[in-house]
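Take a look at the structures below.
In the two complexes that follow, chain A is the common piece, with chain B as its partner first and chain C second.
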Partner chain A sequence: MISNFSSPSVSAGFSIALTCLGAAMLLLAATLPASAQSQAAADMFEKRCYSCHNIGGGDKKGPDLKGVTGRQRTAWLHEFIKSPAALNRKGDPAAADLFKKFAPEVMSDQDMTDEEITTLLTFIEDLSKKNEQFIPAGAKLSRPIAAGDSEAGLRLFTGKTALSGGGASCMACHNISGAGLLGGGTLGPDLTAANVKYRDPELISILQNPNFPTMNSVFATHPLNDEEIVQLFALFQNAKLANPAVPAPTAGPSIEPRFLLIGFAATVMAIACLNLLWRKRLRGVRLLIVRRRRQ
Partner chain B sequence: MDVRLQISMVFHLDKCIGCHTCSIACKNVWTDRKGAEYMWWNNVETKPGTGYPTAWEDQEKYKGGWEQKNGQPELKMGGRVLRVLNVFHNPNMPTMDDYYEPWTYRYEDLFNAPEGADQPTARPISMVTGRPIDIEAGPNWDDDLGGSPVYAANDPNLDALTPEQRQEVFDLERLVFFYLPRICNHCLNAACVAACPSGAIYKRGEDGIVLINQERCRGWRMCVTACPYKKTFYNWSTGKSEKCILCFPRLETGQAPACFHSCVGRIRYLGALLYDADLMLEAMSVADDKLVEAQREMILDPFDPRVCEEALKNGIDDRTIEAARRSPVYRYVKQWKLALPLHPEFRTLPMLFYVPPLLPVMAKTDDGLYDTANQELFSPIEKARLPMEYLARLFSGGNIEHVRLALKKQYAVRLFKRLETVGDLDPAQVHRALEQVDSNEEEAEQIYRLTSLPTMDERYVIPPMHREEAMQMLNDDLWEEKGEAGIGFHERATRGA
Partner chain C sequence: MIDNLVFIILPYAAATLFVVVTIQRYVRKGFTYSSLSSQFLETRELFYGSVPWHIGILGAMFGHLIGFLFPSQVLWFNGVPARLYVLESTGLLFGLMCLVGIVSLIARRLTSPRIRAVTSKVDVLVLVLLFVQVALGVYVALFYRWGSSWYAASAVPYLRSLFALEPDLKMIAPLPLAVKLHIVNAFLLAAIFPFSRLVHMLVVPIHYLWRPYQLVVWNWNRRRLRGRAPWPKTETSGAVAPAGSEPAPSGRTIAAR
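For the complex of A and B:
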């Protein structure tokens, strides 16, 4: 759903004159050195888009944006980025197709200025032209995984160790194999096979910037620190190793048969307790008298 | 002294013929509705018997009424905490089977059945489910069955007898029964009022009638358990509880309640009693066998000028006090000590009193001959087929003396009248009989007249209800109500439900 370029390169600078862009771009180019501008765009893409979009490397939650500027008009892209839902409501066929293809995901409205969007689109177009894949620069662990990290990660996941930033523990919304008897929440997807669905840099990037609408509202102001990212990353690696048979999770939470079973058992227990509590209740005085007489 | 007024009742069991006319009159007027089919605000039971609902007197099962706990009366169904805990499941309720599943017959089958070899029949249909049922019980299933092994044998009052006595009651020669018509007792210390979590039940200040406000009732059914007489009923259609209203719309217009009015045997008396509410806690706190006396103590003499003065102070009208003076209930209960409350040991201070019945005498068989000769003055009383302990359990909390006096006095009146009309008795002996029951010829004559020859006005002395004054108590400004909804109730006529 985004923009208009074709040959990317993150670190190398590129020339704005070569791309022949509009006046706004020229203005921007005049104020910033090319490499710095590209770096800012790459940062912005990593923070705001990468959790759902790739540039080269295939669809994620949202479509691969490689060559998007060639597929759609610039004005359409601006409108869509600002409010995908609004465009869809207007009955735009292209928007409707995207909504249908990626349901139930809905891209949230992005609070971005026209200049920011233009920078981003330029960046995407550039990368697409170079036929390069976007590699997030910051998506690196601060240190190699060590022994014990996975266990520490599980403690963070289940909330036994509080997150330093004050964010809610993962278990409130997610499940992972080995997370307690009842498992975790079912609001978010099961993370047992998270590292099958995402490549390592993507996973690290998500841990750094969980830019999904629901998670962003929780973690934007309560980010994880580097150490926590390492430990949780180690946990995700381990969970997959422990359960090689687990398929890549499908979209949307599934009803756990375990919950049904526990619910059923608890209901039976509750009825048994009430029955015990009210065991002396009247069950028919006349019937008792008649029955006693008949015996 | 806190003088209050109670419309009170006496049922003269010696006159009851068990015809159920009272029940039918009440049913036709009040409970011939959906959800109320099974209710019998007035019912007539055969005693010994289990009654309606089955074994209602067995408070070990139903937990009705009050009991003394740490010197304080407390509801037998439990204190506040227990009642709150049980509010969503009240475990001591009679089941529908204990009342009975109301039914009718599919009469149209008699007319619509196709032609066949057999007579068509009208199948019994449940009035709750609408489906055919097999009738197994009814509200007076054991009617007239004195010695029935299921129902009579399980009468909770028989516990008062020794095993030998109990055995004898079921001997063929001793088989006996009498009728016990029952309505709401409109108790002074009604357990239903105390148990209601919604505050929907109240005792009317002006006449002591206990009513359930249908707008406030939330159907918790605590009253059903609390009432030891099982005279509040849950209407399964409206989801509210209902009970006998002593036909207050009739009383307010000077008419006797429907069951009184229709009574064939003229066993029912209704009149006002003045009582001292200050003595109430004391009266319900004494030992079981003292309860009758304590309750009698509460009833005040309407001829006493001091009582009248206090009554006037409490807003009881002169004409009402005048009605209390003519009250047949006052004479039967207080002056003559003939009428006793039903199960005073439930401690609700019931205000419906019963004159215990003179029962058939025990005959002894000598050489195949029936001998019913009286050796002693009160032989027929002492040798009645039903042991006096049984009646004492019913009417006096186990105190035989009250029952004995009531029975002996009735018998003495009979002797007195026999001497007068037949003349085959020794006058000295009759005089001795009257003396023994602390009575005299004048009183005997009065008892005779009120028992055998009373007019309707003598049986039902209904004080004027002064609804117009009650209206003023509800609202200072009557002009506001003028032309709105008559001078009836406070609520204005509005459209809709």
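For the complex of A and C:
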């Protein structure tokens, strides 16, 4: 950049001044990295790790990463982050323990470079040393919750209002109390008690960057907008309040008896109708012939 | 590694077999393109197995095809919970019809000695794979709801990536095991397709629906002949009667499809 400006057409004085300015900027850049890099690392942690991990805030879907650099070797951490399942398959005892402890959650392979992982681990180490807790800077609502947000959130949840990014509505995979007669989906967890399980910044951060294995691939290209995040957050805040009796979601898939009953009844009716429709099939002509032969 | 094997190599291997062997079999052994009907050997149980099976499988496969071709329209349709429930219940109905059908067909093949006599190893394999496929499909529909929506959002991008020759496993890697087995089993079915009775679906005589009526001419008066052979008895019984021999044709004509 500097060499571009210091072309012969520019006066010598100006050139020297620019060179000095450039040098000063370089010096500044050399002294800045600590905070700038840590900001970048914090952003990365918030976007890619915070859905499942805390630093100092306790276990979530995955373990609290406070002091993780003291617990494991750097090479091990790099290998694990890149492909947890591969390390587990190799029979690594530490990986096996983690898989066992956090089952059925399986951390997906992270498409990260060694530099990115190093930045991340340095950030975690720094925070752990300072005994600080990670607080996501970006996990804030764009505006305060207002009346009607929860209802609007439910419409987004069920899909009555389409998501602006074109993503599938929450109901495809999740249930929440009030989601309809047969409930919402069961591929993902029930979200009725989401605000009990997660603290507010955690929940907001998940809505911003849903970095769970099943969700990140779908929503990376179909993110929620700020307004949708406010409304869905309002819905999650209200869901448990409105239905305190709803039990905590159980792990593993479950069956909806009414859905099974509908399917069963429809099948019985369909087969009965077919029987009625074809009750004379293959009977009339052949029986007649057989009877005639016998006469 | 195993994911690459079953979700990248297997589908392309299956597709290659499907296309190459299907064409080769049609060209070389076109007359084997059949499900080798066993209706002649046993018809009653066949009817109660075959009809629900075929109604169910046509409906279920059509549903999968619609989701594959028009995923965003399916998501739009499912935007109203009542519509989602109707679609899901219809899908479950087709799945259960398949299940009733395939279980009847398996029972028939096991219990009827005549059918067992004409059963090949591939027939058994087809029945087993189809049963596994349907059972997994119904299980997924019941336990991992709502499949019509998440299939459109999650599995369809993977299937489309296969067709685009840029396989992308990101979307399906985290899906439950039952869903993955359903997908892998579908590839296996595609792979054995050209070696099995399944080829009959390529030569379904749907032109029967619009072809003209066929005239069946009965060349003798059956009523007069009752209890007698329609031709004079000769030494070589069963020989074709000479033209113009007794009895005279009655000229009865029956229009039949």
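One rule holds in what follows: the second predicted complex is superposed on the first by the 219 of 295 C-alpha atoms of A that agree within 3 Å, B and C clash if a C-alpha of one lies under 4 Å from a C-alpha of the other, contacts with A are read in each partner's own complex, and residues count from 1 in each chain.
Rule of thumb we're sticking to: a contact is a pair of C-beta atoms (placed from the backbone, for glycine too) under 8 Å apart; a residue touches a chain by one contact, two chains touch by 3 or more.
Everything numeric in this text was worked out from a predicted model, so none of it was measured.
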Inquiry  = For A:K280, using the defined touch cut-off, is the partner it touches chain B, chain C, both, or neither? Pick first, second, both or neither.
reply    = first
Message = By the touch definition at the top of the document, which applies to A:V106: first (chain B), second (chain C), both, or neither?
response = second
Query = When the two structures are overlaid on chain A, which partner does A:G180 contact: first (chain B), second (chain C), both, or neither?
reply = second
Request  = Quick one: classify A:L261 as touching chain B (first), chain C (second), both or neither.
outcome  = neither
Ask   = In the superposed arrangement, which partner chain does A:A272 touch: chain B (first), chain C (second), both, or neither?
value = neither
Query = Looking at chain A, does chain C or chain B touch more of its residues?
reply = C
Task = Could you list which residues of chain A make contact with chain B in one structure and with chain C in the other?
result = 274, 278, 281-282
Note = As the complex stands, chain B meets chain A at residues 50, 53-55, 58, 61-62, 89, 91-95, 97-98, 136-137, 149-151, 153-154
Query = Taking the complex as given, what residues does chain A use to touch chain B?
reply = 274, 278, 280-287, 289-290, 293
Inquiry  = Residue numbers of chain C touching chain A in their complex, please.
reply    = 1, 43-44, 47, 51-52, 55, 72, 75-76, 78-82, 84-85, 88-90, 92-93, 95-97, 100, 142-146, 149-150, 152-154, 170-171, 173-176, 226
Inquiry  = Please output the residues of chain A touching chain C within their complex, sorted ascending.
reply    = 86, 106, 108-109, 158-160, 162, 166-169, 171-173, 179-187, 212-214, 217-218, 253-256, 259-260, 262-264, 266-267, 270-271, 274, 278, 281-282, 292
